[in-house]
């Protein structure tokens, strides 16, 4: 990717952790709406290593999708949405991009080239009036400058990689001629077309049949290990997290409430919310799609425009203690090395459990 | 929560749906609200106005012909026979608005009946009725209006009938579609299984559920009817003098474009303003009521 | 724009510059009528015999539809026919017959008509050629006359032709025919009967075939070039014309369906002549002030009037009609609605007609007298101010064609006038196609406001308008829609038809006018005037009441040298 | 595809048969008759009227007249004008050109301007421009076309003298520039309503598309905004516009009639108006049939075009 000219790149050695592909510090995303300012993401910090998979878990409107969209600048433009903080992304060629506040022109090089996204709805995420081939080739042309025969061959190769048989013929198909699973494979092929260093998978299996879900997850895992990509896997389904993730980050009302290795989190969840989530999954390896996996946690996600004081989970928490929990937003504390939790009462709760 | 929905947070929607969501939505539609004010004003102006001003719409005074507006006792000037333009505008407003309302009422009546029967019975009856509707829609509206206009003597009543004849088809289509889908819903089937008569099911069970789109169509129809009246007048088949209407005021003003342009400007503005208002109201109603239907 | 370059000529230049006064038009028109046809040699002294140059666009508010000159048609069609075809003779602006295709107009004095009035003999010019080069002969005239007699042909009015029993030819240039009974109006009728080419038309077995209209051939000063229906007809100068060559190379009859649009186009210079219904009266003042345009007030043969239906219970009373006649303020209508252009009328003839009776009672306006007359006749005011007699309210409707604003205004004024004397006139206007149908034919109206021309080709015979035998509702013929019956009038009209002596005819028809205007089956309002206009520099325009359109002499129009 | 087309064609024919009956009934039940224009001149007596009625076959029973006429319609003989004896199809042929010229040019203008306004409105949603465009479109839809036409003539022809007040060409000139000058005002006037329609539908169609997932996908691939707009959004947003344009034929014909009247444009509208007012039955019938055909053809063509342009439909019909 020598033809790129990263403007906001930082020399690799300046980075504290050389191995990290992605370094996010104090990311904030706010929307301007008719009801006032809505802080969708607050003070999110995390990092990601090459080949690592980070699962982002949370309920609807917990801010997990917005975090990722914000990183790539796919949120609405400036007056409607403001992003602050810092996010540094390293490309495969060693260049590092600052993603926050970067001009659109540079961000366009990042999107699809250094970081790609797979969206939830394969049915609607492909343009119905263009062939599958044209849509894959578009990425190749933009980022790699590939044209004509070369691009088509590469696209076919990609389709082959994502497990689509007879790829040459499939290239001439329109999206509506493919099944849901096939379409998601096409989406994946498009995402990995330019060998990005970061792949964001935003609930990639939610809209698919159960049998297909497993295949897609397998494919993602295989591609990730083949290409040594870092991956952010967004889901509300803890079942799949255990299968695919290395580390897990639980978000609630725009904040990270707990961050830990996958085994650590599942075996020793610290935050009451995480515990609730885990307890609400009847069997860990359940293949069933649960539309409402949070039936065990009472109440609803708070109105993003009017958060309760202190801990935002407070009103729904079984361990809520007036005066302490609603005094101030708790800090993210280190419960163990590599295990962070945002709860003032975590030691007591752990003891009680 | 997908990003699309998050993005649409920027759009004013949601969270208002409390007691009268449709009404609230309508009240928030500013152009529609403004339109409503204009329509109320025009109606008051036309129906109550003549009591306020000292002139009559039909009194001729040939010596005071073609007086310019804002220059004397006649605020909007006088026409070629010396009649007060303001008074004529008011009386004409009565006719034009009445024509608009009456033609709409009639067209809605025909449209609802045809649509109801066609949608309820479907089969041969429905097919024949709806093909008839389709056939009527094949005529470009002005062509149809003129062809029928040739049939009748131009009076207020006949213009009302004429406009209704040329504009009931849209209503019929809307109602037919609604009824056909509503008929499959549980409550209609339930009513049927309870032994309710056809007429009862049609008017008591189905029709009330199709009111929203009818109201929208009717509002837009009023705008259309007022505009149609002016077109027919312009083409020489409208309400004829001495009964004033906005349309024939405009038509008569044609010969005086150069020496008395206000004769054309005044009714033209009245028509445009009123029709725009009705269109905006219709728009607002559609936004307000459609949302409810979608839920 | 057009290719003539004289737009900028100043107004009021020499010649026919300021012909806005009717009298002036008449004075000049006679010379042009004669001159145009090149027959009365003395009158055409100064006509230059230059080549036809330039074109003129003639705007008309009616579309030219029928190019076969013997078929049913409208007024503007005749405006084209005068340029495309020729009749045997024609009436000039002063009402004098002028021979065209004929060498002389037949009369008893010159022997063209036999002493019993039954045999007519006409000698034709020998130098006339059809536009296709074939010579025009007596055979063509015979064909035309027989065509008018053919019951399968969609002819206009056949009354006169049905009296012709046999048509004969003597060689190529003499035509004769015999009549069932003497019929004086025939001379007038023939002045509007254009001769058509037998050698083309007789080939088609269907006399109504549209083929001829697609490529008409005549003997007139202009030849047919092309036609775009709904838009225009183009004619070009005929180099073989038997009269003096036309002054213009091209004539374009342009249809402009809207009077206001037509006036606008006249102002912007898109049309060179604005005729037939012409300029709306309210533009008259403005129009006279336009630079580079001349405006003419042209007298029409029609009389604006209130036609009364004598079957109406109130209007059947002669006293009512007489009272109404003096309750109308005609001068006010002429002055205020029509900007002082027309003059109040008192007959169905225009005052310039040779048979006009100058001793008819003058138009008067006296509402007090009118009220007194109604009182005397037993019509007393009811509680609503409207008079009643024997349970009949003095109320009736008045109808005219919708879309004519000035008429609608006149209706208003008359309704106001009538209201002052306790008479109610309600206005009920109809579209033309409805009014000029059963409503008119079957006398379904109470009263009409129209401007009919009572005569046909200016002949004073008005049998079809006022004879008891011409009430369509009762006799299935004629157009006496007032349902007027007066035995005295019937007898005089029958006599007048058979009388060839002009002086005696005049006497008869003056008496007829006296009787009719005493009975008042219609209330004359004023003699119609049309405001026509020409671009300055286009010389030769002259109005003629004896034709239906003032493009009758377009052959003598020319662009003056700059 | 073929079968679908055949079915649509058969439906259209059935509709046309219905249309012909309705039109025939409307016209022949009307009072007045085709001879009124000649009666107005006043030289015809009742006997002439009776004779002409018989000659035109107007005294036969209505069903007989209808069958006679419908038979001719099928065999391509649409009858003759009562006014100038020309075959109806010839007359329509002479007037269709100017009308099509007006309709097509104004549609192109409306597509371009309206489309642009709609796209801009969608892209800059709720901006001042968007609000202005919305209100402007509503006013354009509400203003009486002829009034607007008269105002335009008054301003540009009478006062400023820039453009001709009417007609299709200067007779005797007829050069391209001259034709263009004549076309400009009526084209703009006729395009007014279409522009409003186009801008409104384009805007909402564009808004629909802009919020689609595939637009986000394209953005996430790093596609430039211009390419997203044209290649991804516009391409999809134009699909429903095909249908709108097809259904707009009817409105356009009505507008053309009014515009032609204002500008004395020698097209179908004027022919229709003249024929109706003169009760020229064969021409009026012919024109009603012809316009109905155009309307049906419009929606048929739109369907066909749509199926060509939208791969989803093309796929299904295979």
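Here are a few things to note about the model shown:
Chains here go by letter, A, B, C and D, matching the order in which they are written, and residues are numbered from 1 within each.
Following the convention adopted for this analysis, contacts are C-beta pairs under 8 Å (C-beta built on N, C-alpha and C of every residue); 3 or more make two chains touch, one makes a residue touch a chain.
It should be emphasised that the depicted structure is a prediction, and the values quoted were computed from it without experimental measurement.
Each step here moves to a touching chain, and the least such steps from chain A to chain C number 2.
Farthest from chain C in terms of Cα centroid separation is A. Of all chains displayed, D has the C-alpha centre closest to the centre of the whole protein C-alpha set. For the criterion of most C-beta pairs in contact, the winning chain pair is C-D. Averaged C-alpha coordinates give centres for chain B and chain C that are 46 Å from one another.
In this assembly, the C-alpha centroid of chain A lies 53 Å from the C-alpha centroid of chain B. Mean C-alpha position of chain B lies 23 Å from that of chain D.
Each chain gets one centre point, the mean of its Cα atoms, and the points for chain C and chain D are 39 Å apart.
Contact with two or more other chains is made by residues 30-32, 158, 213, 216, 261, 273, 276-277, 279 of chain D.
Along chain B, residues 3, 7, 149-150, 236, 254, 257-258 each make contact with two or more other chains. Multi-chain contact residues, meaning those touching two or more other chains, occur in chain A at positions 74, 119, 121.
For chain A in complex with chain D, the touching residues are 72, 74, 104, 107-113, 116-117, 119, 121, 124-131, 138-139, 142-143, 174, 176-177, 187, 190.
By the touch criterion stated above, chain D contacts chain A in their complex at residues 212-214, 216-225, 231-232, 235-236, 239, 309-312, 315.
Residues 30-33, 35-52, 55, 80-81, 83-87, 91, 94-95, 153, 157-158, 161, 164-168, 170-173, 261-264, 266-267, 270-271, 273-274, 276-279 of chain D are the ones that touch chain C when the two sit in their complex. By the touch criterion given at the top, residues 14-16, 18-19, 22-23, 26-27, 29-32, 134-135, 138-139, 141-147, 150-151, 154, 158, 211, 213, 216, 250-251, 253-254, 257-258, 261, 272-273, 276-277, 279, 284, 287-288, 291-292, 295-296 of chain D touch chain B in their complex. Within the complex, the chain C residues that touch chain D are 1-3, 55, 57, 63, 65-68, 71-75, 151-152, 154-159, 208-210, 213-214, 228-232, 234, 250, 252, 254-258, 261-262, 264-265, 267-268, 270, 431-441, 452-454, 456, 464, 470, 472, 475-479, 548.
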